[in-house]
Amino acid sequence: MSMVCLSDFEAYARKYLPKIAWDYFAAGADDCTTRDENILAYKRIRFRPRMLRDVSVMDIRTKILGSEISFPVGIAPTGFHQLAWPDGEKSTARAARAMDTCYIASTYSTCTLEEISAAAPGGLRWFQLYIHRNRAASQQLVRRAEALGFQGLVLTADLPYTGKRRDDVRNGFRLPPHMKVKNLEGAFEVCKMSLTFHSLRWHVPHERKTTGLDPSVTWNDIYWLRSLTRLPIIIKGILTREDAELAVKHGVQGIIVSNHGGRQLDEGPATIDALVEVVEAVRGRAEVYVDGGIRKGSDVLKALALGAKCVFIGRPALWGLAYKGEEGLQDVLRILQDEFRLSMALAGCASVSEIGQHLVQFSRL
Amino acid sequence: MSMVCLSDFEAYARKYLPKIAWDYFAAGADDCTTRDENILAYKRIRFRPRMLRDVSVMDIRTKILGSEISFPVGIAPTGFHQLAWPDGEKSTARAARAMDTCYIASTYSTCTLEEISAAAPGGLRWFQLYIHRNRAASQQLVRRAEALGFQGLVLTADLPYTGKRRDDVRNGFRLPPHMKVKNLEGAFEVCKMSLTFHSLRWHVPHERKTTGLDPSVTWNDIYWLRSLTRLPIIIKGILTREDAELAVKHGVQGIIVSNHGGRQLDEGPATIDALVEVVEAVRGRAEVYVDGGIRKGSDVLKALALGAKCVFIGRPALWGLAYKGEEGLQDVLRILQDEFRLSMALAGCASVSEIGQHLVQFSRL
Amino acid sequence: MSMVCLSDFEAYARKYLPKIAWDYFAAGADDCTTRDENILAYKRIRFRPRMLRDVSVMDIRTKILGSEISFPVGIAPTGFHQLAWPDGEKSTARAARAMDTCYIASTYSTCTLEEISAAAPGGLRWFQLYIHRNRAASQQLVRRAEALGFQGLVLTADLPYTGKRRDDVRNGFRLPPHMKVKNLEGAFEVCKMSLTFHSLRWHVPHERKTTGLDPSVTWNDIYWLRSLTRLPIIIKGILTREDAELAVKHGVQGIIVSNHGGRQLDEGPATIDALVEVVEAVRGRAEVYVDGGIRKGSDVLKALALGAKCVFIGRPALWGLAYKGEEGLQDVLRILQDEFRLSMALAGCASVSEIGQHLVQFSRL
Amino acid sequence: MSMVCLSDFEAYARKYLPKIAWDYFAAGADDCTTRDENILAYKRIRFRPRMLRDVSVMDIRTKILGSEISFPVGIAPTGFHQLAWPDGEKSTARAARAMDTCYIASTYSTCTLEEISAAAPGGLRWFQLYIHRNRAASQQLVRRAEALGFQGLVLTADLPYTGKRRDDVRNGFRLPPHMKVKNLEGAFEVCKMSLTFHSLRWHVPHERKTTGLDPSVTWNDIYWLRSLTRLPIIIKGILTREDAELAVKHGVQGIIVSNHGGRQLDEGPATIDALVEVVEAVRGRAEVYVDGGIRKGSDVLKALALGAKCVFIGRPALWGLAYKGEEGLQDVLRILQDEFRLSMALAGCASVSEIGQHLVQFSRL
């Protein structure tokens, strides 16, 4: 099997992962419209490539919140990496460090933050946080992450309850017995519940006892988080100019335009479409990133042209892991890197700083 | 078979109903364009979900014409429920009451109004009326409904003649001998004709003798209806601002934006598209509801965001009946309820009163 | 086989006609884009149906150039009816008379004008004319038609050369030996050539010797035609406001908006789209008709709503002939008539005079 | 097999060419979106055909940079014609001369410029140039071309690096041992590298050693080219008004709007869409041509209506070669010529000078 582009890794993962794991990673909410729109929306954006520029020396490095990365693609937070590869998040951390980019470790990792740190010392990592009803547990996670050298705190804002992913309900998805959400282990009893999904009604918001996450979180909790840590706070899951404005007002350093890979509210906007209005509202007062639907280096170029400072990949990283663990994820990142560099050159940009909105237009279709 | 979403019930019904019954329920007029557009039009509406709102306590109750229901989804009037389940409309009535919502019983029920009432005493029910050439028969129906405690009178405005549903013509659709349109039995001879469909020309409006319905009904007949009953009058089948204005002017209390499930004039507007202009024209002078194309809880949220007070489901209710009678219909309603609540939460609304047009936008596609 | 709608007749004809005949009738130019667009364009038009109008008495009669017809659907000129049914145009004439509508007989009929007249005395008929290099031959045809009681002269304007219909080239289409273009027989030698199609280059305009039609015809030839006959002149094949204006200026009585069933220049406008601009340009100074893509009674209603006085059907008439000759064509017309009447009623119109542009809107899609 | 239209030749080539050759010719970059859009974009343009014009005498000749050609279709530069037919570019040159049109010979020919010239003395030919790191080599090529009577110099501007064509990577595409890029043979060592593609990373711009082309070329190099030759300079690969303006400013005589057949940056504009803005920017100060997506004579007519002076065909020429070498390419050109003449006539134009923007409109779809 020749691994030429990201869809080759997708095909591999679909073929070799256990169905229940593939389904979990692939799942979108309801009709999966938003999951698929994330990809389709990129195709509606057309380049306006410029010719005869000197692109003999290409510089694709960039900085996010002051840290340099080798190219503007990081690893989005996704859960349960052991479902894709035995070493789980340790492999992810190693691949990200090898490729000199940022890895956002999920609360729902199957390795502890300590294991992740030990696996790839010195790598640039951010920690993704859900706020639990048990605030002490969340506080403890934040402090562990900061102590371990994580350099950013990513608050996921779009999951007061879990979206309805039909295949997970059909499969009765749960982690295999030998995997655990290790970061939460022992920390609080209630959260075991949140990882056990029951039949038809598992997704129902009014059955409060089944989830450890706190659906009462509001913008004021940003202040609470701020009081816990000196780390920059990045908010993930923003899709409107109104919320972008609120995020800036509450002092976040970064915003990840995200719809959770189309796994939460179906039929919201594609992230690349939402990016435009968020960037416009933020007016440079915070860094804006985007995830969802990135499948080619040219998608990265489009996102940057529309104002993203960096993109994050979710499922493609898992496909890379499923292919060959750390090495497979490096392959995925390297392909994206090569494609991004080539797209830049063919569009007439020799460095990231030359990328701008003049490079793209929305197709009439 | 795992019943996770409404299309699972559809698949069940398609598989287990007799073909002639499935075809009758599924039928759309002519090319079925409008039937299908009802669904597709929802997909062209995108949410603008808001984050970090306190959605820990969800309130999804609403009121229609002063009566509280558990969530803004009622049962639209459809005929011949015994084709789906032996107990027919009695099961429908029981399920609606169990789920604490409104059931609009059809003139073309296979149980009498009396049987329906007795099956679920105390349930909130409206009665759907066609005006017959024999006005005395219609008058008698209205009085029976009022006496039995029905709380609203729904006048169907879009069926001066029956639409051309090709499969019904091909199948020579008629009720099996053991089923009857009981509400009309004995009341007038002519209406037997209306339920016997003949070959090619059954749908032809100029063959007056074949139908008991009165194609000469006009807006003035609203006054006649008003003279018969103190029940609120809801008009069903309005698709334009002009007719919405006329409905208000003639004093109706409610309007159901409907195209009869795409079974009458093909290639009219999808109901969710028509809703916008009707709501705008009505300017709060009557309650506006919508039916057609509701397949997910998020569709309900979209309809409410665009100004509907409540939606009504037609075919999905029949699929529920076909699955397990009263219990199956409850399953359908419960799934919609759970999905609606979850969609609200994920869009950032804790109560129905927070739903508004800011939540949606029409897609460029 | 149950004949419920026009596509049933299409399916029949595709199945039972010889392939070479089916292909000839079905053919569109080049990629057949315009042929198919003629149909698709109707689907982009949405009705705005009005409710509660008295539609108990329906009047669907109309007049074209002063002659009353039973409903606004006539038979467009198409060639070689014997390919569809042994009696050819004689059956067509009988069916049109039986249904009390207008039949436009083609120059390329396989019966003579005399045979057509004799088959259905008293029927309303127009004669379709191509202008030949041999003007005397054309003049003779006009005079024969007028003498035989044809009541209109339809000049086809869009065939200076024959369009490139790939299947006809592949099939080496020619009439079977026992069929003849009888109207032209003996009249002039050159025209035999025009009916013999050779291999690859048959369609090439610069090979003048292969066609009897005159590609040098201009608007001034309308004056010449006018000098030959007192019959009203209808011009067929107009697609732009500019040409509509010229047609009116040159004194035609009627315009048929037509793209020759998509058989001439591919990728011109669908006729229903072109109708709008032609009607606007004509401003009532001539009657405007349309052909192409009519497949349902509601298509007729749309065409009338957009300003057509009458529509003409081409291929559906041939399918009817292929099904059962005169009787089959009557079936087709009767279905269209019933569907048209029903559509009118369901849209809230009791007579043709109530049909107007308010009934339709162009879909956003 | 009946060769009626260009897709017949495509089907033939797909069937009979070795897979690696077919894939190489067919390849588009990445998802092949732009390659396919080149074709689809033509379908979104609708004609506004005019009737009753005298089209008895058709004149389809035109001039490009002062040289008359038999119709406005030339042969675009494509590489490796021996992959399609043993005689390679010699056959191409002969066919172009036979059809009295212009052939742009590629740097990457498998025959030398001298062989090409000798094969068809007196034919109108331009030479396509890539600028190599080894400027002396490029200079030598220009001088050879000029000496051999080539009448134009086409600088390809859109290939600082080769686009990522997945199938070529998968196939490990390279020329068979018996074929050579003869024009470059011996001229410089480094360019052998550029024709040997290695595994996954062959396309990576920063691996400079693998390509002989110079990615540092800028607009100033036009002045350098100008200093080498008196031939008119045509720049190929322009897609924006900004670059069109720069091209004019740097004194080019012609611009070919091209996206390299969708083989370079995927998801740029279709060439026919880009043509409009380029023509507008150029305002007649240079001739504008277009390639990509031409499949029918009517596509040529559309391109001319939108301002192109001439179009060039790439893949269809290769299909013609693959079919029957020189003779097959003549067939392709003759079909295009016949179709173009017929389209003009059916649109109401008797000569190229009558073609204008009034003939087309962009479809709403």
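Letters A, B, C and D name the chains as they come in the text, with residue numbers starting at 1 for each one.
FYI, a residue touches a chain if its C-beta (ideal position, glycine included) is under 8 Å from a C-beta of that chain, and two chains touch if they have at least 3 such contacts.
A quick note: this is a predicted structure, and the numbers were derived from the prediction, not measured.
As for how the two copies subunit A and subunit D face one another, under half of their interface residue numbers coincide. When the CA atoms of subunit C are superposed on subunit D, the rotation angle comes to 90 degrees, reported as a multiple of 5. Distance from the subunit A centre to the subunit D centre is 42 Å, each centre being the mean of its Cα atoms. Centre-to-centre separation between subunit B and subunit D, using Cα means, comes to 60 Å.
The touch graph of these protein chains is a ring, one cycle where each chain has exactly two neighbours. Here the touching chains pair up as A-B, A-D, B-C, C-D. Every residue of subunit C that touches subunit D in the complex is listed here, in rising order: 30-31, 33, 157-158, 160-161, 163-164, 166, 169-170, 200-201, 203-206, 208, 214-219, 221, 235, 237-240, 242-243, 246, 264-269. Against subunit B, the residues of subunit C that register as touching in their complex are 2-5, 43, 45-56, 58, 296, 298, 302, 335, 338-339, 341-343, 345-347.
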